[in-house]
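I have a structure I would like to understand better, so I am pasting it below and will then ask my questions one at a time.
We call the chains A, B, C and D, going by the order they appear; numbering starts again at 1 in every chain.
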Amino acid sequence: MAELLTLAEAVRQLVRDGDTVALEGFTHLIPVAAGQEIIRQGRRDLTLVRMTPDIVYDQLIGAGCARKLVFSWGGNPGVGSLHRFRDAVQNAWPARLEIEEHSHAGMANRYVAGASGLPFAVLRGYVGTDLVHQTDTIKPITCPFTGETLTAVPALNPDVTVVHAQRADREGNVQIWGLLGVQKEAVLAAKRSLVTVEEIVDRLDPKPGAITIPGWAVTCVAEVPGGAHPSYAQDYSERDNTYYQEWDAISRDRTTFATWLEKLK
Amino acid sequence: MTYTSDEMMTVAAARSLDDRAVCFVGIGLPSTAANLARRLHAPHLVLIYEAGAVGAKPDRLPLSIGDGILGETADAVVTVPEIFNYWLQPGRIDVGFLGAAQIDKFGNINTTVVGDYADPKVRLPGAGGAPEIAASAKEVLVIVRQNTRAFVEKVDFVTSVGYGDGAGYRERLGLPGKGPVKVITDLGILEPDPDTRELTLTAIHPGVSLDQVRKATGWPLRVADDLPTTQAPTDDQLRALRALKEAK
Amino acid sequence: MAELLTLAEAVRQLVRDGDTVALEGFTHLIPVAAGQEIIRQGRRDLTLVRMTPDIVYDQLIGAGCARKLVFSWGGNPGVGSLHRFRDAVQNAWPARLEIEEHSHAGMANRYVAGASGLPFAVLRGYVGTDLVHQTDTIKPITCPFTGETLTAVPALNPDVTVVHAQRADREGNVQIWGLLGVQKEAVLAAKRSLVTVEEIVDRLDPKPGAITIPGWAVTCVAEVPGGAHPSYAQDYSERDNTYYQEWDAISRDRTTFATWLEKLK
Amino acid sequence: MTYTSDEMMTVAAARSLDDRAVCFVGIGLPSTAANLARRLHAPHLVLIYEAGAVGAKPDRLPLSIGDGILGETADAVVTVPEIFNYWLQPGRIDVGFLGAAQIDKFGNINTTVVGDYADPKVRLPGAGGAPEIAASAKEVLVIVRQNTRAFVEKVDFVTSVGYGDGAGYRERLGLPGKGPVKVITDLGILEPDPDTRELTLTAIHPGVSLDQVRKATGWPLRVADDLPTTQAPTDDQLRALRALKEAK
């Protein structure tokens, strides 16, 4: 069964300097509070993994926690660019940020391979794109039956995956519903995992569209109501679109970002 | 009713979608056009969003690719790996509907970097789902505002393949889909030349001059011999579009 | 959208002599009525595919519909052997039956590859077993990143897949709940598909644990209440364990089987 | 209380399961033993059935691998591909619990054919989930009635690998799991010799003679120097087993 801890304690136990860390969430259920706790605890040299790095990754990058980003789409959804991400890539501020760039299909399949205990995944992808020239993590593979050439990508197996979910019971069984993203795969692919939840309940009542991740497959669970803010948790909170818009101004400038960061700590 | 060039573009894009087509849409202009089509002539258009919504029927415009309204109104909610593996990859998508930061004369799309990849002038968001949509959807529609920043002779980085360097390129690579069949802009409509695959102006929006389109294009633009003027948006179409954009 | 037809009409339109046909169902929701309709219509030379061929495949084989069986476990669950299947393999009665034999993991992945538009799937499987010596559909494959050797199996893409589900709406959207087996993958892997359902309803109400297969991805839907008998449809019917036991006696002997077959027609 | 040899076997198998272990079980003897353990000393045993039930807690014995009670009581219901790919293959299963039609002195299992594959004497059901359970579960338990039809020197067909031809075989093949650590029969318990991996009798059930075990084994059976007698089933264990078998 998963250990039930406070967010600070869970991050302290699970996330170490130099780790490969995936905070997954596909617009819905983004584990923002956990990401900000990683900033507070001053983790360094992280390889951050995520299909859709958005504000919380901008914050982690701006705060100097990351040395590398593995991703497929980085932006402030519905608003524009991630300025801290851009500043890191274009100007190496606050530090050089190595990038390993994929498509969504590739990233999703890399998690699936990781969750499946396979070293690689096969897909129809990347053919003719310049992405293949920028990384050694995209290679051709030949079908042993038809001779056809397809594309292989290596498994993702983060040291730690962090996701946010609606609720868990006291055994740490986690229930998630609404848009499910790639969270289950990211948890199952990881060596250690933390799930922050809106609430811990005695019993997980059945719910249409819900999936359960068994507590014995999760390392820690922390109750963090609103832990997905400014993203949302279906049936618990609404997306705070103003925060996304305001982040554009805060993050555009190093000084306003520094002020924001001071306040966070 | 008067209308903006963006409204013309969105209506023209919506018209390009047939009822009952299965359409893989991104947020922003593609989503707006697809939902407009659903409110007009294509009530059974099947909208697929990469966050995992199959058959989404939002009654307002989703604000993000993972807006709750998509899952709540969908026929089926599936995981992100499933969207790409079971739905896009096998060729179940009739129309892939993409935007672009840069597009070149062979319909290749760049959403990765302006300038050099290692030392970019502008770092863009990246690929997202587009490379595989561009490869595997039976047809691709592109909706993008036309100007020389966006319409370049050759993209700085091929994020999503159109026709590569011209005729035969997709076939040589074995890409399953047809590629971009229409690029719909705020000035007109471009289609690939059947022989060379070079994007060619095949319709011009009302009130737009040919010179204006040429000046907004970063290469010597080819123009179809017969260049019809796009039908202006009807009042019904404009009312539906405005209602859609105002719905909360 | 899927076409709504009678069972007889749907089978007539979709199943042709010589086809590769998968009637899937993992103990739950077995499309028995559809299989018996295939017998009634006298289809021949079918390649039958199924992870767990049980009574209805015994019937199809005994009736002479099949020339080949692709499978991973063939038995009368909880009772014993399939006598018609045995008679075909051991004595070529009523006809020689070619077999292509896999493990469950391999079959499941073959459907996944089929549903995904890939020519093959990769798994950790079959290593050290004698299964690899009996078929050319199990081959080694090397990871292009780690050099590790894994196993590849070719995609399954049936000409027709038939499954049974609880209900569908008038657009042919299909809702299935309870144990899900590999039915969705089998439908998506097929060129044509038929779903028999307990009932056709105006609206598919949300239901915990339910999945939906969109009507536009299904060829035909036929309303066949009790179409899974003697297996069950959760919330509609119970498994008829007596039938399974009685089948042992009926099928053991060619004459009693012939009598049963006459009655079916 | 008196008991049958089958009851002894089932109780001995149940005792081999630790609480909170994650156990992949087949229908029949393995399922009965695992559910008995859950009613006795291992209430948190996690039962995984290949039909897609993770954490099933049936209050009666499932009649088939897809019995509705499995899904209804499970922590999670997943698809069959997911059971094998996400749960078994990555090594999340502590104990794979298998039956056998034939088992040989190196713990290899045959459930495919007796005789020649192309022209079999008896065609058996086939592999099912067993080959990958035998390969990938951290440990394997086998439960099987002991007689010379089942216990053969060399299986006619290797459906699921035990220790192949002896020590080092699994390592050479790179199989992730440890292999069969215990074979529990109606006569006693066999374990692989630490050096040779040959199945060796390490416990004998009460009232069974060594000669009886040797006669039920199709090869010259090795016997541990120290051969304890299995503890007889307690009354509590027997009552729990009988209640389980009677529950509808």
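Couple of notes before you dig in:
Note that in this section a contact is a pair of C-beta atoms (placed from the backbone, for glycine too) under 8 Å apart; a residue touches a chain by one contact, two chains touch by 3 or more.
Protein identities per chain, from UniProt: A, C = CoA transferase subunit A; B, D = CoA-transferase subunit beta.
Keep in mind it's a predicted model, so treat the numbers as computed, not measured.
Set against one another, A-D and C-D show the most C-beta pairs in contact at C-D. In this assembly, the C-alpha centroid of subunit A lies 39 Å from the C-alpha centroid of subunit C. Rounded to whole angstrom units, the spacing between the C-alpha centres of subunit A and subunit B is 28.
Looking at subunit C, one finds that residues 117-118, 123-124, 148, 185, 209 touch two or more other chains. Among the residues of subunit D, those in touch with two or more other chains are 85, 89, 136. Viewed as a contact network, the protein chains fit none of the simple shapes, being neither a path, a ring, a star nor fully connected. Chains that are in contact with each other form these pairs: A-B, A-C, A-D, B-C, C-D. The touching residues of subunit C, counted against subunit D in their complex, run 26-28, 51-52, 71-75, 77-78, 81-82, 85-86, 89-90, 101-105, 108-109, 111-112, 123-131, 134, 148-149, 178-182, 184-185, 209, 231-232, 234, 239, 241. Residues 1, 115-118, 173, 185, 188, 211-214, 216-217 of subunit C are the ones that touch subunit B when the two sit in their complex.
Residues of subunit B touching subunit A in their complex: 27, 50-53, 63-68, 70-72, 77-81, 84-85, 88-89, 112, 117, 120-132, 135-136, 157-161, 164, 169-170, 173-176.
Note for the complex: subunit A touches subunit C at residues 117-124, 137, 139-141, 143-146, 148, 150, 152, 154, 206-210. Across the interface of their complex, subunit C is touched by residues 20, 22, 44, 46, 54-55, 75-76, 85-86, 89-92, 136 of subunit B.
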